[in-house]
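So that we are looking at the same thing, I have put the structure below in structure tokens.
Labels run A, B, C and D following the written order; every chain starts at residue 1.
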Amino acid sequence: MLTFLRRRALTSLLPLLAVVLGVFVLARLTGNPAALYLPENATAEAREQFSAANGFDKPIWAQLIDYFAGVARLDFGTSLRTGEDAATMALRAFPATLQLAVVTMVLAIAVAIVVGCWAALRPNGLADRVSGMLSMTAASVPDFWLAILGIWVFAIILGVLPTSGVDAGGASWVLPIAVLMVRPAGVLTQVVRGAMISALGSPYVKVARAKGASEGRVVARHALKNAAPPALTVAGDLAVGLINGAVVVESIFGWPGIGKLMIDAILQRDFAVLQAAVALTAISIFVLNIAIDIGYALLDARVRNKAGAAA
Amino acid sequence: MNKTRTTALIAASAALSVIASGCSVANSGGNGSGAASGTLRIVLPQEPPTLEPCEASLTATGVVTRSNITEPLLERNPTSGALEPKLATEWTQTEPTLWTFKLRPGVKFSDGSEFTSEDAVKAIDRTANNTTLACNVQGYVFGQTGPLTLAAPDATTVTIKTQEADPLLPLRVSFIEMTKRDISTTEKVREPIGTGPFKIASWTAGQKLTLSSWDGYWGAKPAYTTAEYQWREEGTVRAAMVVNGEADVATNLGADDGAGDTAVQYPNNETTALRFTNDQAPLNDIRVRQAIDMLIDRDGIITSLFGGLGKPASQLIGPGVIGYNEAMTPTKYDPAAAKALVDAAKADGVPVGTQFRIIGRTSQFPKIAESIELMQSAFAQAGLNAKIEMMDTSAQLKYQLRPFVPDAGPIALMVMHGNQAGDAAFTVGQYFATDGAQSTGGTPDLDAKIKAAAPLTDAARQAAYADVFKTQTDAVRGFAFLANMEAVLARAKTVDYTPDAATGDEMRLADFKPKA
Amino acid sequence: MLLDVHGITKSFAVPKGRLRALDGIDLHLEKGETLGLVGESGCGKSTLARTLMLLERPDAGTVRFGGVDPFALRKTDLQRHRRRVQMVFQDPYASLNPRLTAAEIIAEPWRTHKDLFKTARERAARVRELLHLVGLRPSDANRYPQEFSGGQRQRLGIARALALGPDVVICDEPVSALDLSVQAQVLNLLNELQKQLSVSYLFISHDLSVVKHVADRVAVMYLGRIVETGTTAEVFENPRHPYTKALLSAAPSLRRADREKKEKILLTGELPSPIDPPSGCRFRTRCWKATDQCATPPPATADPATPGHIAECHFPLSLTAV
Amino acid sequence: MTSPADTEEAATKPNYLKMLLADPLAFIAAIVLLVVAFIAVFGRQLAGPTATQGDLALSRLAPFSTDHGWQYFLGGDLLGRSLLGRLMVATQTTMSVSVPVVLISLVIGASVGMWAGYHRGWRETLAMRIADVVLSFPSLLMAVVVLYIFSPSIASIIAILAVTRIPVYLRTARAESAELQSRVFVDAARTFGTPSGAIIRRHIFPIVLPTLLTVATLDFCYVMLAESSLSFLGIGVQPPDVSWGLMVAQGRDQLRTQWWLSVLPGLAIVITTVSANLLASWVRLATDPGQRWRLTTPRRRRRRRAVPVLEA
């Protein structure tokens, strides 16, 4: 297991580095942000002074070396916009996104398991058809559209929820989470349903039934476990994709998370902040992928044992 | 066992998220109910990057900092244009290049220390002369003046010596916010200490900024004791927050943002226009530029797109700015005449079919994309070939500011100019002079008029700049003006406040009062 | 000599070390003859077949086909060589692409060897001939593999192998996946075709009765080595390697039901791992005649009476028996 | 001899049209997609000039009235252009982004994936590592970064979205190809001296294709949503071009007063993606011999066959 983890970590480190490097180069290609940070009528000397002060006058490889030398000392640079430490800004924004993502995923998985299992018990039954249609629609709705409709209906017309922000306690969470979880819940429901149908038809579930296990037991203990690995893989991809959703949803709801920070940093050409946010995101995806691999390996081993025992 | 484990897993992750949410987001307090106990809740379009006083001419910073946390020596009345005393009680031009300011006695910083001429000298030096800080005010207001020589003959007197005679010096000084003598001169300060009626109570970055009033303020105590700032990008969301009672004031709204009966209209200093590259075909022919000017349906855009906000513009500044030419009128929408001009130019061999770009900045003002689309469509009908390019601020600035993108071809650039200072000098040098930072046209004759106007005062100054605007339009026509913009401020029923032209740049909390 | 293999070895990297699939194989094949290659599963027969088909490259040793090393050939020479050696695969289900019709399967080699037939008409005619040759109907041309029975599929596989007009056909367990009744039909077909087309067969099987039915000569393989070669009659009637003897004692049928009754020599112990084979004689761990001497490499001993009958053994059976 | 009879079921060529007619939902989905495809091709001509030439007098015209002609049945936008016409023109733009993205990423991803899976070894490792790099970062964010750098145009949107979608096909194709390359009929082809390219073309590609097509249908939805999101963020399709996502974005300010400007284009996105999803799941069933009976068996019998696991 340890060798496996080490190898997995090493092979995942490469994409991580590539992403950070790629964003560094791409961001520098957007040009010198002097015009953004200096007043419109700033003199050419002022611009040069600004570039020199921030190292933008150096060739890109030299900036890259400087940057990685800084990162090695855990110094991600300072924000051009606020003058704060970039890593601090990224770390401050990160929990807001993480909380949103975790709650969203937990709820999406819960919904997917309940609805998916229910649908799988009677394939092509009424429940299956209705939930199939709903989950398909859920997986197809653009999140930004849902967000503005949600604000319009629930905050403006009905006035039951706050429009945005994080101030109103639990109520603040309802719309962003509802918008974010729609797609993962829809996709996962379909995956769970499919995996459950094949798991329920597998030999060891038949054995369990033959032994007289109750239907609930069969579903909960035997089939669900077998259906978990594919769902886990998809859930992992969806969790990565949540960052996509977060970019849009955080902007609309004024959620102080990493997605909004990144968009703002791009718009402001605030390279240090963008780099720090990207690195933090890449690292968390890296950790997530490894966690999924471990979970997958554990589940896989257990399923194999189970199948062996039943045969 | 396995079932319990699954349940435990879900429970654990739920618990984790609850704990996590407890840590940083959800604990910022639950006062979502209406205007409680002297708290004014304001929602802005964006979070201030810092509250650094020397960045006061930067809208996002200035709107919070100016006259709330820190104060200048004097300030300009946005309605009358007159300079009024603030931390200085009087100022005189004792010599052509020397100004003397008398400071208000008994003024304290919010940390209790006295405000003296030494603080003022340090603050002026730091803001006007310090180029390493790259402060916005330094570039915007003092970029062309050269360094000031400062002295403090006594505790309540400050003298400022300029390189050349500068009638605008008091106006320039009104941009300098007073800070303490020990403020950093090498780094910008995120949370400054000032003499204003409010001080920073707390700032949760990304979420909320709270200011509170303090007892030692020299002036009248503000009606609200606390001000809470939040920020939302979407105008509809800002408006909805006021309508829903989540905030008391929202700024920079468009007509369609849904402020409803909380809406108050106000002029916001900004003028929109298309700026031409006068030296590139087909825009190098003045008839083509005149035709474009005639093809802009100003009334249609303002009525249908801006929802009635704004007035058709005839020049790059609005009424109320020194130098505004009352005699000039907005160009009439006349597609037939425009077509005739284009045809005439075509007959003379001007390649009117050559494509030019209309470049706009995404979300610079509400309905910018639709406005440009409408223009482009009208241009096409008159036989011109325009291509729309919307860019983000950084990319657009490459076309707006020198050094321009080389070999960019013919461009009609959508610009929005705000003259915060109230004097045409801050407009014409940049936009109309041949070597102006944002100028792509100009003639020697116009340059001479601009130069001649600078040292004038009073009526002569007004007349000289009014002539500059007229000459630009008649002889150069580097611009097709769109509108003097207006915006909507959403104001809760419980709040009494009248926005003015400066509200967008400087929102004085002391002017807000609860409605009886 | 059409095909001459000398000393080829081939090993694969596996998690626990290197698996020595072939360990110094010598064999040769004459024009028009059938060489039967016998051995238990896992002894390296299929690796040998794949090596001869150039699907694997040997680590050492030489392969000569008509005096030429096929591994040294490039481009057109290589393609010409490919035509001369073709293969019939063990599993007639897996070796045919289910998405192609019978005619497409048979004609597939010509899509690479385009110069064999110039026109579509020639190709169609040749497909009909080949179908007829292997006992299928012309109307079968447009059917898909899954519409055929197992025996019919193997006929299809044989037709495909013959499509390029080879000199040698390597038959890797061509009938082991078929029902007993069908096996004989296919074997008869192979014999028939050999007479008509004078091709040589390298006929690989674990089934001695099948080999006896078709082979002119036999080579017995154990753990990557040929332990005995000779004519079919010599090897079957007078086995000289104890392993051959043991195999034969389980014959004519190696089927589970018959084995216990007929078994005279019971091989003790398990087949050793090819990752770590015994030193010297590889069979010594299971051989009832083994002595300490067997830990040294065994000599290849020939019977003076039948010089082609060679066994790799310190104590060859018939020498001591006679 | 094995009787050919037991292979009869597999032998009968499935009648896809009949199966489609038997599934009303999939049938409707197919019709919807056909209509969308038709509008995508002919929409600009059908919509007429009111789609591009506005009449400010009709600005913000309310929907569901034919007073101003059928073009204005869904109302007018801010510039007084017909919303219905705009939707039709937008269909073309939306499709002219989504379809090329799917095709380009499908062709490149599938080719590289099959190549990598067939050859295994370093080629496989290299291809998979590159795919990992692309997949290890949220695709939308990647597109955002790139599009801010290279000014957004239809070509650059297609390029960046295609790049981010390539790994999806690459992984699928590689997995199947790696499995197929060890099949005996592939070995057989090798013994004829068939070049690897030809083996991939003849033996690997036809078998991988159905899976790839299913993935492509699902991905088509993803790409449409991604294009919409980019347009919503202002870095997608640029005016005067118009896509559904851009219409939603431009209409969001008017949600309170002219809800149709934003809601109707959003509905167009949802209806199209749901249809594509429905059809994809139908295709998945229809091309899988083991599942096909669900579509061919009449409904009443299906119920009983559908639950064999419960009776077992």
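Keep this in mind: a contact is a pair of C-beta atoms (placed from the backbone, for glycine too) under 8 Å apart; a residue touches a chain by one contact, two chains touch by 3 or more.
Here the structure is a predicted model, which is why all the values come from computation and not from measurement.
Trainee: Farthest from chain A by Cα centre, which chain is it? Let me know.
Mentor: Checked the centroid distances; the maximum from chain A is C.
Trainee: What whole-number Å value describes the gap between the mean CA coordinates of chain B and chain C?
Mentor: That pair's centroid distance is 88 Å.
Trainee: Cα centroid separation between chain A and chain D, in whole Å?
Mentor: From the centre of chain A to the centre of chain D is 23 Å.
Trainee: Whole-Å distance, chain A centre to chain B centre, using C-alpha means?
Mentor: Distance between chain centres, rounded to whole Å: 37 Å.
Trainee: Using mean C-alpha positions as chain centres, tell me how far chain B is from chain D in Å, no decimals.
Mentor: The mean C-alpha positions of chain B and chain D differ by 45 Å.
Trainee: Quick one: which residues in chain B touch 2 or more of the other chains?
Mentor: 234, 236, 258, 392, 395
Trainee: Residues of chain D that touch two or more other chains: which are they?
Mentor: In chain D, residues 148, 252, 255-256 touch at least two other chains, as defined above.
Trainee: Quick check: what residues of chain A touch more than one other chain, meaning two or more?
Mentor: 30, 148, 156, 251, 267
Trainee: Sort out which chains touch which and give me every pair.
Mentor: A-B, A-D, B-D, C-D
Trainee: Once bound in the complex, which stretches of chain A touch chain B?
Mentor: 30-31, 33, 35-46, 49-50, 53, 81-84, 89, 92-93, 95-96, 98-99, 102-103, 105-106, 109-110, 148, 151, 155-156, 159, 162-173, 220-221, 224-225, 251-254, 256, 261, 267-269
Trainee: Would you tell me which residues of chain B are touching chain D in their complex?
Mentor: 234-236, 254, 256-258, 297, 300, 303-305, 362-363, 366-367, 369-370, 372-374, 376-377, 381, 388-392, 395
Trainee: Using the touch rule from the top, collect the residues of chain D that touch chain C in their complex.
Mentor: Per the stated touch rule, the residues are 1-4, 7, 10-11, 183-185, 187-195, 198, 202-203, 206-207.
Trainee: Using the touch rule from the top, collect the residues of chain D that touch chain B in their complex.
Mentor: These residues of chain D touch chain B: 52-54, 56, 59-60, 78-80, 148, 151, 234-235, 238-240, 250, 252-257.
Trainee: Okay, in this complex, where on chain A does chain D touch?
Mentor: Going by the criterion above, the answer is residues 11-12, 14-16, 18-19, 22-23, 26-27, 29-30, 121-125, 133, 136-137, 139-145, 148-149, 152, 156, 200-201, 205-206, 209-210, 215, 240-241, 243-244, 247-248, 251, 259, 262-263, 266-267, 278, 281-282, 285-286, 289.
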